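Common to both upcoming complexes is chain A, partnered first by chain B, then by chain C.
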Partner chain A sequence: MVLEATMICIDNSEWMRNGDYGPSRFQAQADAVNLICGAKTQSNPENTVGVLTMAGKGVRVLVTPTSDLGKILACMHGLEIGGEMNLAAGIQVAQLALKHRQNKKQQQRIIVFAGSPVKHEKKTLEMIGKKLKKNSVTLDIVNFGEDDEGKTEKLEALLAAVNNNDTSHIVHIPAGPNALSDILLSTPIFTGDGEGGSGFAASAAAAAAGGISGFEFGVDPNLDPELALALRVSMEEERARQEAAAKKAAEESSKQEKGGEEQDATMTERASEGASEADNKKNEFLALAMSMDEPASSQDLQDTEMSDAAAEDTELALALQLSVQDSAKDSSSQADMSKLLADQSFVSSILASLPGVDPNNPSVKEVLASMQSQSEPQQKQDEDKAPKEEDKK
Partner chain B sequence: MDVIKTQQISPRPIEKVIVHPLVLLSIVDNYNRVAKDTRKRVIGVLLGTSFKGTVDVTNSYAVPFEEDEKDPSIWFLDHNYHESMFSMFKRINAKEHVVGWYSTGPKLRENDLDIHRLFHNYVPNPVLVIIDVQPKELGIPTKAYYDVEEVKEDITLVVKITPFSPANSSETLA
Partner chain C sequence: MACTHDHSCEDHDCSSNWSLYKHIDLAKVTALNEANPGSVKSVFKAWEERLNSSGERLESNEGDPELLVYIPFTSDVKIKSISVVGGADGTSPSKLRVFINREGIDFSDAQSMQPVQEWELVENLQGVLEYQTRYSKFQSVANITLHFPGSFGGDTTQIHYIGFKGEATQLKRDVVATIVYEITPNPSDHKTRAETGGGLSHVE
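Up next is the complex of A and B:
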């Protein structure tokens, strides 16, 4: 909740017409500016924000530091793109504007959007940086857009000259599918202002970045229970769909190949089923299963296509394994499971290979026995089912 | 912005600028409090009325202004302050419009043209008055200027500030 007066320097040069960020670089920048203004004014009601443009006929101050968000947003309309950005002049005018802030207790901060090439010398920038440091002005640089030789270096040099106790930051944003403003949310520019950076920034970060806040699906069940529920339900449906697809693939693979591969594919599922007993052994099982897949794949011609299917199937198998762990009611895997479970020696050999599980452990033996008894009545049903499906295909 | 701009539909060329004593007093007073013995200058807005080519400057106020001493192209004028201040002045005297701006000079400086351009947003033909706050000799301590656009031979547009001829600027004492 730092009391701050901020000047945002916008780049409205010709380079901002480019569309590699968002709808256009300029639009992405405008969104980011709106976000920053909102965050600053929310984090402390006495914060003021001002905006100036650096390109065009010259540096022009659009709005002097004010806490009126409406004024700031209004002045962003009707901005024209053109000319070249004058970074040095922009920063200096911003500094002058901050000098005239009404509340002298406010911390001075300048946020610069550097999207076009920087034509100033490194020395000039360093001198400006030193002057800023002398006047205890902190600087945040958003480096995006054009990346010509030396631009990053110059900006880093500028930052080094200004930086005092790590209060100034630089952010490099490459072009990509994510919006400029979304990426900015997770940077120190937002999170750096005070503990937690205010509820606005935190909730916006949670919504945009999805999962940073740690909630499942990135939506707080307290804030929006219906949305969280809907997301969960759709996730379950997706899993069910994936498991059905995996089932089909597993069946197809079992239909086509000869013995060994089926064993491998189903052993993957088998092994993962066994892992449900010891969740933390899950990864080792998977590794084991995959290592079993590999030697098998070297066997015969059909194996090569099978191994591809199996390799893809490991993804499906993983999804399958997850769904199986959740529901534990997958009938087809149980059908295969029952076949293999019958082979108790095989299962115990697998369990023996696990570092932590002792096959002679009475509880493990108990579980195995129960699984086996469970599988026997199922086996008859499933054997009827399996030949039927093979007849169809 | 519209309220401020509707004062003159067709700008008539200005021939005479009359500066009233209240303006001189407030400018000198402001200068003495803020920038005396420094090389800084004070800039402010002139309010008044213009009628048939004569501008009557009746009121004024200073505005926050900063410029970099080494680099004249770096300057900052708080135009939000000016807009708020003017809207308040308008409430007490609706006839007073923005007619131009003043500087304590003592001479013209390089960025005066840029600042003059800024005032074109508020009045079609602004007037710049340089007030000499430390006059060495007797006489009128003011000098008025306006800007002129010229097309040079190589088809470039040049804007320059030219003074009113001394006979045309006068000062009245109440």
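Up next is the complex of A and C:
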């Protein structure tokens, strides 16, 4: 509940046309700004927020610090993208705007969205940082978008110069499937050093994760938490599977490791639930298929978490056994395992043993078809992996 | 200058003169460019403890000896003189500029504004020097801002004690606490004497 006046510096340079975040970088930024404004005004009704743009024809203050959310949202409309970002001038103008705030009792904070390359020298940025620290202005930096030589280093140096007792933060957001605002929700920029802002952030995070404001999937988490959890988990897992499939060829090792960790978490979650629904079983099977695809690098994680899960569910035990065997062998046998899985009769026999799953169910058939097509690229991949692992050795 | 009487201090209690620290609103004291946030509160203590440097002291950030201290009082005071005890090895402040009854001064303001009074300070490690004010200008001080622009060559500025001599009035300067502004009047908020019983007047 800190009484704060905040100035948000938006990057509306040419680099913001890029689409690697959300619909476009600029749109992702706008969403994040809206969220921040909401969070600040909720955590303390006397907080004020202002907005300025750093690129375009020059630094321009769109809104001086105000607690009127409508004004801030309105000014984000009709913003034009163009020009180059001038970080130093932007921060200095923000500092000036804060100096002339109406309520001198408010703490001063600047939030900078740095999406394009930083053309200033590190020395210049450090001097600016020192001046901010001297006037007790805190600074939050959101580093996203372009990542060229020295940008991260310069921003870290700026943060080090400003930081006074961990009140200033920097967040690096790589491009990915998650929205910029979603990632920001979990950072200290939102949680406000662990204070009242976290209430807003938590509820917003819950809504954002489902992709729908309000109840996820039409299920009230309060009425049926297990079902809601199961649905959310299967949704995330489906997303993860698609992401892994799409990016496999290019970024093998790092992406799959990440996918493996997500999987293990979801598998243990599901095991501890005990909910036995048809959807769940299908998803377990999907998880099994995915875990078969995981490389040797994430095996250790799988081993520990899977031994816990095995105690809970017998059908799961079968799946785990298969994957444990798989991790013990080398990549060539992995290919065998996936061949086995691709074998229709084996698969349908397993499916028949699962209660509530009808092998003639069209969606089940669809899953099988997708797995078969997966097994072919899988084999090619294993061949690639085999020489790679030999190189590592 | 301090204790200008020629007997030693044990005969009377000098500290009673320097008792304005009791009227300082310590919770609202702030400083700019201090190395440890909140350390500024430690420099306001009793006269006897002015040389006691075992506690915290106010120190500016490395490489920047400028300091700005904002001190609000709980009631209006009249300040006769100010005493400052600095640090050793050139970390004492060399100059003092004060501003009265101005809130929210920062460094750029302090450097450009004309102070109410300024003094060239001397190293005052024993705390025996005091700097007298132009008393007429310091008659009703609700808050005071001290600006120390530099030190005696040290990398930082250290201050161990700041003392004020003077007297406190019981007056308070700013009184506007709660005001209700009405855009349209609400009759139920304005009960007249007629409605509450008594009085001859009648308001429609």
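In this section, the second predicted complex is superposed on the first by the 204 of 393 C-alpha atoms of A that agree within 3 Å, B and C clash if a C-alpha of one lies under 4 Å from a C-alpha of the other, contacts with A are read in each partner's own complex, and residues count from 1 in each chain.
We adopt the following convention: contacts are C-beta pairs under 8 Å (C-beta built on N, C-alpha and C of every residue); 3 or more make two chains touch, one makes a residue touch a chain.
All values reported here derive from a predicted model rather than from experimental measurement.
K.L.:
Since both structures carry chain A, what do chain B and chain C do when superposed there: clash or fit?
P.N.:
Aligned on chain A, chain B and chain C fit with no clash.
K.L.:
If you stack the two complexes on chain A, which partner ends up touching A:His77: first (chain B), second (chain C), both, or neither?
P.N.:
A:His77 sits against neither chain B nor chain C.
K.L.:
Is A:Asn165 in contact with chain B, with chain C, with both, or with neither (first, second, both, neither)?
P.N.:
Touch status of A:Asn165: second partner only.
K.L.:
See if chain A has more residues touched by chain B or by chain C, and give me that chain.
P.N.:
On the superposition, B touches more of the residues of chain A.
K.L.:
Once the shared chain is lined up, is A:Thr66 touching chain B (first), chain C (second), both, or neither of them?
P.N.:
After superposition on chain A, A:Thr66 lies in contact with chain B alone.
K.L.:
Of the partners chain B and chain C, which touch A:Ala89 in the superposed model: first, second, both, neither?
P.N.:
Touch partner of A:Ala89: chain B, not chain C.
K.L.:
May I ask you to decide whether A:Lys99 touches chain B, chain C, both, or neither, giving the answer as first, second, both or neither?
P.N.:
Both chain B and chain C are touched by A:Lys99.
K.L.:
So after superposition, what is the minimum Cα distance from chain B to chain C, given in Å?
P.N.:
Nearest C-alpha atoms of the two chains are 5 Å apart.
K.L.:
Going by the contact definition given at the top, which residues of chain A touch chain B in one complex and chain C in the other?
P.N.:
Shared contact residues on chain A (touching chain B in one complex, chain C in the other): 99.
K.L.:
Hey, which residues of chain A end up touching chain C in the complex?
P.N.:
Residues 99, 104, 130, 133-136, 164-165 of chain A touch chain C in their complex.
K.L.:
For a test of understanding, state which residues of chain C touch chain A in their complex under the given definition.
P.N.:
That would be residues 32-33, 37, 61, 64, 66, 103-104, 106-108 of chain C.
K.L.:
Which chain A residues qualify as touching chain B in the complex?
P.N.:
Those residues of chain A that touch chain B are 58-59, 61, 63-64, 66, 89, 92-93, 96-97, 99-100.
K.L.:
Please name which positions on chain B make contact with chain A in the complex.
P.N.:
It comes out as residues 64, 66-68, 71, 73-81, 114.
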